[in-house]
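Chain naming follows the written order as A, B, C and D, and within any one chain the residues start at number 1.
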Amino acid sequence: MTITRDDVLNWLNECGRVITENKDYLTQLDSAIGDADHGANMDRGFKAALAKLPSVADKDIGTLFKSVGMTLVQTVGGAGGPLYGTFFMQAGTAAANKMELTVGDWAAALEAALNGVVARGKAQPGDKTMVDALTPALSALKQAVVDGADQNESLRRSASAAEQGMKDTIPLVAKKGRASYLGERSAGHQDPGATSSFLLLKAATDTWTK
Amino acid sequence: MTITRDDVLNWLNECGRVITENKDYLTQLDSAIGDADHGANMDRGFKAALAKLPSVADKDIGTLFKSVGMTLVQTVGGAGGPLYGTFFMQAGTAAANKMELTVGDWAAALEAALNGVVARGKAQPGDKTMVDALTPALSALKQAVVDGADQNESLRRSASAAEQGMKDTIPLVAKKGRASYLGERSAGHQDPGATSSFLLLKAATDTWTK
Amino acid sequence: MKKLINKPEDVVIEELKGIEYAHSDLVKVHYDPNFIYRADAPIKDKVAIVSGGGSGHEPMHGGFVGLGMLDAACPGAVFTSPTPDQMLEATKQVNGGKGVLHIVKNYTGDIMNFEMAADLARAEGIEVEAVVTNDDVAVQDSLYTAGRRGVGITVIAEKICGAAAEQKRSLKEVADVCRKVNGWGRSMGMALTSCTVPHAGKPTFDLPEDEMEIGIGIHGEPGRTRMKLKSADEVTALLMEPVINDLPYKAGDNVLLFVNSMGGTPLVELYIIYRKAYELATKAGLKVARNLIGPYITSLEMAGCSITLLKLDDDLTKLWDAPVKTPGLRWGV
Amino acid sequence: MKKLINKPEDVVIEELKGIEYAHSDLVKVHYDPNFIYRADAPIKDKVAIVSGGGSGHEPMHGGFVGLGMLDAACPGAVFTSPTPDQMLEATKQVNGGKGVLHIVKNYTGDIMNFEMAADLARAEGIEVEAVVTNDDVAVQDSLYTAGRRGVGITVIAEKICGAAAEQKRSLKEVADVCRKVNGWGRSMGMALTSCTVPHAGKPTFDLPEDEMEIGIGIHGEPGRTRMKLKSADEVTALLMEPVINDLPYKAGDNVLLFVNSMGGTPLVELYIIYRKAYELATKAGLKVARNLIGPYITSLEMAGCSITLLKLDDDLTKLWDAPVKTPGLRWGV
């Protein structure tokens, strides 16, 4: 079982749907410890990215990812734009010329994506950022592959690790991004970027679990 | 029975007390159809006028009234300042050199005061202004004197006519002052200036009824 | 009441102190009676211009004292017109021997207090002319009422008359310019929220979350009508239509378009309003040759805006462009 | 949400249209990517200065484009830093051959987006330097956090660097001036009310009628602490103390004192604050040689204020006094 280019397209579309569905939720989380724009930013970005997809729909998965990354960079702005832009562009480089992905390829793409995010944002796990959802998701995915779990199972483990990572941001005091200005007052709130990261990974699992 | 200079001083002090007591009420009336300052304006003015009184306390009633009028003009501002200033200055001219007033003298002073207000403000009865309280108060006072009523009775009739005049402003559509900008929306509210006029005349009745 | 003030009764005096500290290069502040005047006043052989009114409309009028605009401004208590002694002393202080123009907004209190001051000044031998501004089309005009309020055009008139006075025009000429500006200007305002007079401590009126007031003045008084909230474009049309139609502004006329914040409405919204107002003016055949956008005649922290339109001829345009150097308006110098 | 807007998603574009209509003598507006640039750009042999950031801080930055200040400003969505393509295109548009300075407020998003743009511009052969402002003493600084926010000093830096660029100083020199201004400047802000991001439709935070936030930024984010409402004088002391103490401002130093409205606080309150801030600065032995008072770096309609102090030397003073002609700041020309 692999992840085909159509699967990837379906995932990206599902990302757009899920982000729109959770737009107000993400903004509400960002109101508590940020500036109340994460939902609108992500929604604007994914709408634009999906609008561009048809023009590259016959290309390889790497090209799809890069197109999404480029569009996010040019339409999201804020911290989310460069970070999610880098995420997809790095995933695109890892998936260059591929027309389908094994779960291992997906893990490699996710690793490249996460490394790009860390290189750009300099956040460590525990800083209360999207890295806190992405890092355990990647670990769980890699571990599942090592364990010989099948694709469905691997994706499920990855998404639930992301979910746990997202929830674990609640008690944290933010060290990076806008929430860090709040100091101790940032504790007790779930990080919006960790939440959007979980939503994207959960969308992958939902779309690709067959 | 006459109104002595001390009675006049007592009245002026009572005016100050009553205005302070009703400051918020006057402002609240002025909020509905004006600019929410009538209470603060009158209070500032009477406080200043009373502070100056000791320096003229041994003078005639006309001088007392003129002192109050001058101070009101210089401290109240708005429509109330020139109108109440004129009121007291004209009353002062009518009471010039008097050390006591008969009720007839008081009627003459009130008439001069009202004429001054009308000359300055050009309001007619029914325009929803202080004139609507002062005019019936003066008529009632003059009628009582003609009827041969005693001082107490004359003052009482005057105050209750002022009260009626004040209440009668409620349904009126304002034609003068700030409330006139509201057009039909000014109906249904009691005029703040008519209210302060009633309060001053009631204070006279309360102080001078023996 | 959420305000950065100390005691309500100290608002005006502490504000004056702040202005004195901040702008000593441009203005001086006189206390008791209170007025702000040009640091270099009196200016010989220049008509002096004095205005004033209640406080709470900042930068009007105190912020407009300086070269090319007012010679003095008299601040009353919040929303309360100043007293005659203020205008009298200010008039004496800035009189340069060529007479003094009083620019007075049409409110019963302002008119009466300025009239008393003018009488007293004339009694002391100073030539005084008073021009009353009354540009607010929200108010039904009538011989038997207080007439229209003076609002946005007052700012423009002070700027333009100030320039005319700098040119050493005579008192009559400067007063004529003022009457022309007032005659050619019209305004209309609206509010999204009430304001709170410090002394009163609570909002002057209650306005539900989904309603607005149309046809308000600048003293937190309610407007002519209350209606459901509308979009910026609809609001702009509601304000522009009576303004354009009240005066026979003709296709081809040059106009100055002034979009004003009532205090709490930020610049981003003013530009959205300006955009639509500009388009509506253009559609009516008017050429928007000059503009002013910002909080210039305010009602404390009230959210809302007003639009003023002034027909321009060559003279008014040049006077508008002339240098001005005041705390609140500054260009060309 | 009570705002004079049409659709939330059209706020920025309609604002730009308004600016384009209003200030075509000073600036041009480029759409998609969005940026505002000097009508006479590029100016040969002058360092060009580009700034930008989320919208909702008007007049910053778009209102500061013009002679003596910025060459271009890139507006993001409300409170969202702009995207690299905006800064790249703006940089290319205004580059006069002497290099381009990016003035960037210290926010993760702004830093990353500007960095990407600078990399792309450099790849196209344009010399770019970036200076990051981070003057907000409300934020605990640390190597391991996002560091201090860039707030009020940004306005001052843009004015002063603009003047330095007009003098034809080199890119390195202009960048050095910027670093000096940032190094010598400190700010602190507070809020009486939250603001409402148009897209969010409701206030970012709830603040009871008797409380305020101290140590806020300019994006409607809550501050460091919430406390009971205090008087203007107490609030001023709360802001001034950490500002004065953070930098070793020494007795005898000349300073620029900038009292800024967060958008909803009217001028009358700013002067009351300025009065106390001036007295506190004077008491600390500082000489307030220059000032700026008004809404210059705002958070939509938030009520509140911020105070910025900048130590001045002769060079900075002259650069501050130099002519500036932009929609939002104008003098000497």
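In this text, a residue touches a chain if its C-beta (ideal position, glycine included) is under 8 Å from a C-beta of that chain, and two chains touch if they have at least 3 such contacts.
All figures in this text were calculated on a predicted structure; none of them were measured in a lab.
In terms of the stated touch criterion, the partners common to subunit A and subunit C are D, listed by label. Distance between Cα centroids is largest for the pairing of subunit C with A. Separating the centre of subunit B from that of subunit D, both taken as means of CA atoms, is a distance of 55 Å.
For the pair subunit A and subunit B, the distance between mean C-alpha positions equals 75 Å. Averaged C-alpha coordinates give centres for subunit C and subunit D that are 29 Å from one another. Between the CA-based centres of subunit A and subunit D the separation comes to 32 Å, rounded to the whole angstrom. Residues of subunit B found to touch two or more other chains are absent. Shared contact sites, meaning residues of subunit D that touch two or more other chains, are absent.
Here subunit B touches subunit C in the complex through residues 27-28, 31-37, 39-41, 44, 73-83, 120-121, 175-178, 180-183, 185, going by the rule given at the top. Those residues of subunit C whose C-beta lies close enough to touch subunit D in the complex are 2-6, 11, 14-15, 17-19, 21-22, 55-56, 58-59, 63, 192-193, 209, 212, 229, 231-233, 235, 263-275, 278-279, 288, 291, 293, 295, 298, 300-301, 303-305, 325, 327, 330-333. By the touch criterion given at the top, residues 8-9, 33, 54, 76-85, 107-109, 112-113, 116, 138-140, 144-146, 149, 197, 199-200, 204-205, 217, 219-222, 224 of subunit C touch subunit B in their complex.
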